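In the two complexes below, chain A is the common chain; its partner is chain B in one and chain C in the other.
For the complex of A and B:
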């Protein structure tokens, strides 16, 4: 098992190198002028050129790329943001707690809503409740997040005036972004859970359990749900990893200082070191979460566990 | 006269979908005495499994439903019992062995826990956890699996061993009636013999009655006391093992069934299968369901369902050939 984990951890390195290469290449292809960005429009062309030279911006692509990789992967040195002048790592770490708080709370929320309603929907297939849930989840899943976010502002901030529309002042500021994100993420999870549970409920082993005389509650939670849990954990885990890299839509609509918003601003300003830092951070945290999900599934499924034993 | 354990009367089962109604079981009568084995024979789709599932009321939700008749078990009609009482019967009084052991066990629960579950669900005399654990070991040893394998998962067992686990679950509470739905169909021939002899031995040791569903007449001959031959949801012939295997008079379908088995003692170039297919259960013919395939089909066969004719006290045939009018003629000779 440990050998497997180590192998997977080492595999993250080439993935990150690939990510760095792609982003680096794209950034080099777009016209940008870091010297001008740092010094501002009022600075003379000479001093801008001089700074560009100093930053090594005029060197060939491969030299700059290898230099960046050496600094980043060997010394964990990601440079300073062109815009604020602060180290990239500190910028990301300043923004991460906001994202983390949002992601953790909303993951718990939408998992509870999506999974319980999904199981209910499957167990009561074709009932009125199931029909309502199916239509509702389809509708919610069809609305784009940014639309939901703006409707939230329109209704709760503008008309009702109950909740703030941007920034973080107190606990109320979290309600709209977290609530709406959870709502929109619970819809696809509900549909997934319903499908998986329905597939399990038709399996032969369920009939065996019923033939033992087990009450329906036990059949569902002790057998059907346990067997359905694995693919659900997989989906939620991977989504958790993806959103830890920033909940871009919610953070930007509600102007929250999260990693997603940070990356978005960096991209708008062509803040190269910050863009690179954010991308590597998102990719690394995603890879780690996928690994965690794989380990969890290996431990909860005896069939998968047998494969990695020893 | 032996004591009656299970008495099925005029059982009608349908599978309904929005498009059509499948007439799976059409008013069958079955009787099983205590400590006896009743075999239900018939080809795929004859309604054997549906009959078995109806007894336990485990027909698929929504689609399958019992449209009429009664299933009396120890004098009580199972079809009118509330669900909670039915649950108390499942696994304790009546248990079932399923056709495919590969899929009949929960893949992420150890076999020991799966047996334990049945014991815990019917733990009336408040046995302690240790007593139940000991019983799990006992049951495993009983079906020929070493007790230390209780912590293993189904994927670590072979098909035959899995079926032993299924049997262990079914027999853990020492039921009065064991329903075995083609218990050996999915197994290798050598394993089939082992599993069958195990089932026969355990049935005798535990004083259990058995309802054995199969399409294998050889298994019936070895195992059963009485036999019912099913065709298109009807029981077309029933009787003791002697009535069916050695009797003179048979339903043409039964004759056809025996004609389809290879016989080692008689030299024959080829088998004589029954021509044609079973009728579509969504639109059964008005007359005898076997009429379209029957070599002895006559005019009245297509007009109406033949009545049941009693050949002897135990032997019944449902065919116009033996209908009362003709029998009177026979008696007159």
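For the complex of A and C:
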């Protein structure tokens, strides 16, 4: 088992190198002028050129790429943001708590909503409740997140005046972004849960358990749910890893100081060190989460575990 | 499969699809949306109603003259919304079609031959896949500049890996099946086997995934344009319209309603059809 974990951890390194290469290559498609970005519009062309030289922006692509990799992967040195002048690592760490808080709370919320309603919908298939939930989840999943976010501001901030519309002042500021993200993320999870549970309910072993006279609650939670849990946990875990890298849309609409918003601003300003830092950070977190999910499924499913026993 | 058999099979798929009420609702909504979008040029005038500013009529509430009201520079929201479908819908369909075609060629080659080619392609896909969310799309658009073509290109690159993986794994699962082995023993060429035997049987999964992809792409294209990383103003893309509407939310909430509802209806209609197709193509998957 440990050998497997170690092997997978080491495999993340070439993937991250690939990510750095791809983003480096993409960003070098555009003529960038970091000297101008750092010194501002009023600086003379000479000093801008000089700074570009100093930063090594006129060197060939491969030299710059290898230099970056050496600094980043061997010394954990990611440079300073062109825009703020602060170290990239500190910028990301300043923004990460906001994203982390939002992602953790909403993941708990939408998992509870999506999974319970999904199980309910499957158990009571074709009932009025199931029909309502199916239509509602379909509709919610079709609304763009940023539109829901804007409607939230319109209704709860502008008309009712209950909740703040942007930034973070107190606990009330979290309600709209977390609530609406959870609503929007619970819909696809509900649909997935319903499909998986329905698939399990039709299996022979369920009929056997029922025939043995087990109470329905026990059949559902002890047997059906236990067997459906793995793919659901997989989905939630991967989604968790993806959103830890920033909930770009929500953070942008509500002007929250999260990693997603940081990356977005960096891309708008072509702030190369910050773009690279954010990208590596997000990809690393995502790869680690996928690994955690794989390990959890290996541990909880004897069939999967047997495959990695060696 | 003989011609007669083939038409019989597609006939029964259509029969099952037709009986599925939600799927038919989806088909009707999508058809209406496409008709409106295609004929937008006959309903409203692009220059005067969609693009030109008209300060005297700015921020008017919905009325007989302006069905969905006017925006912050006096353009008719209805006219802009029906033109907007051209961007969002074309981006979603083209992105899906191109990545599906790419996925079909590369994915089936990977799955059928395996070996070094497969390993190299799959490692590249791993890298593309490990940039979560819209990160890759954002980076490409940021580098190339925000406009329709670059958004399209960026979205295709970000969608590729999903289709390559899906088609590769379907082909691997199928190439061990007895009838493929039989075809091989007859001496059919690899290409013939993939086209005649593997692809038709993989089509169900691919089509259902393509439907999901189209609806995701509609939402993603709107979100990217909303963030400024896509179609640019003054073009009447739905995300662009919502981004303008955000500033004037208090004075003109109607500017937000129509584009949002149109995005929702497009994504919803395709989801409904996707579910219907899944059930019709493979009744065993029905829930």
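Simple rule for what comes next: the second predicted complex is superposed on the first by the 309 of 310 C-alpha atoms of A that agree within 3 Å, B and C clash if a C-alpha of one lies under 4 Å from a C-alpha of the other, contacts with A are read in each partner's own complex, and residues count from 1 in each chain.
The working rule: a residue touches a chain if its C-beta (ideal position, glycine included) is under 8 Å from a C-beta of that chain, and two chains touch if they have at least 3 such contacts.
Source: prediction; values computed, not measured.
Chemist: Judging by the criteria at the top, classify the pair chain B and chain C on chain A as clash or fit.
Modeler: fit
Chemist: Using the superposition on chain A described above, determine whether A:248 touches chain B (first), chain C (second), both, or neither.
Modeler: It touches chain C, and chain B stays clear.
Chemist: Under the stated touch criterion, which partner chain does A:204 make contact with: chain B (first), chain C (second), both, or neither?
Modeler: In the superposition, A:204 contacts chain B only.
Chemist: Does chain B (first) or chain C (second) touch A:302, or do both, or does neither?
Modeler: Once the two structures are laid over each other on A, A:302 reaches chain B alone.
Chemist: More residues of chain A in touch with chain C or with chain B?
Modeler: C
Chemist: If you take every C-alpha pair with one atom in chain B and one in chain C, what is the shortest distance in Å after superposing?
Modeler: Superposed model gives a least chain B-chain C C-alpha distance of 11 Å.
Chemist: Counting contacts the way the document defines them, which residues of chain A are shared by the two interfaces, the one with chain B and the one with chain C?
Modeler: Residues 125 of chain A touch both chain B and chain C.
Chemist: Under the touch definition given earlier, write down the residues of chain A that touch chain B in their complex.
Modeler: 125-126, 203-205, 207-215, 223, 226-227, 300-303, 306
Chemist: Residue numbers of chain C touching chain A in their complex, please.
Modeler: Those in contact with chain A are residues 123-124, 126-128, 130-136, 138-140, 142-145, 215, 219, 222-223, 226-229, 239, 242, 245-246, 249-250, 253, 256, 259-260, 263-265, 267-268, 271-272, 287.
Chemist: Could you please specify the touching residues of chain B with respect to chain A in the complex?
Modeler: On the chain B side, the touching residues are 56, 58, 62, 87-92, 95-96, 98, 100, 103-109, 117-118, 121-122, 153, 155-156, 166, 169-170.
Chemist: What residues on chain A touch chain C, complex-wise?
Modeler: 14-16, 18-19, 21-23, 26-30, 125, 138-139, 141-147, 150-151, 153-154, 158, 194-195, 198-199, 241-243, 245-246, 248-249, 252-253, 260, 263-264, 267-268, 270, 275, 279, 282-283, 286-287
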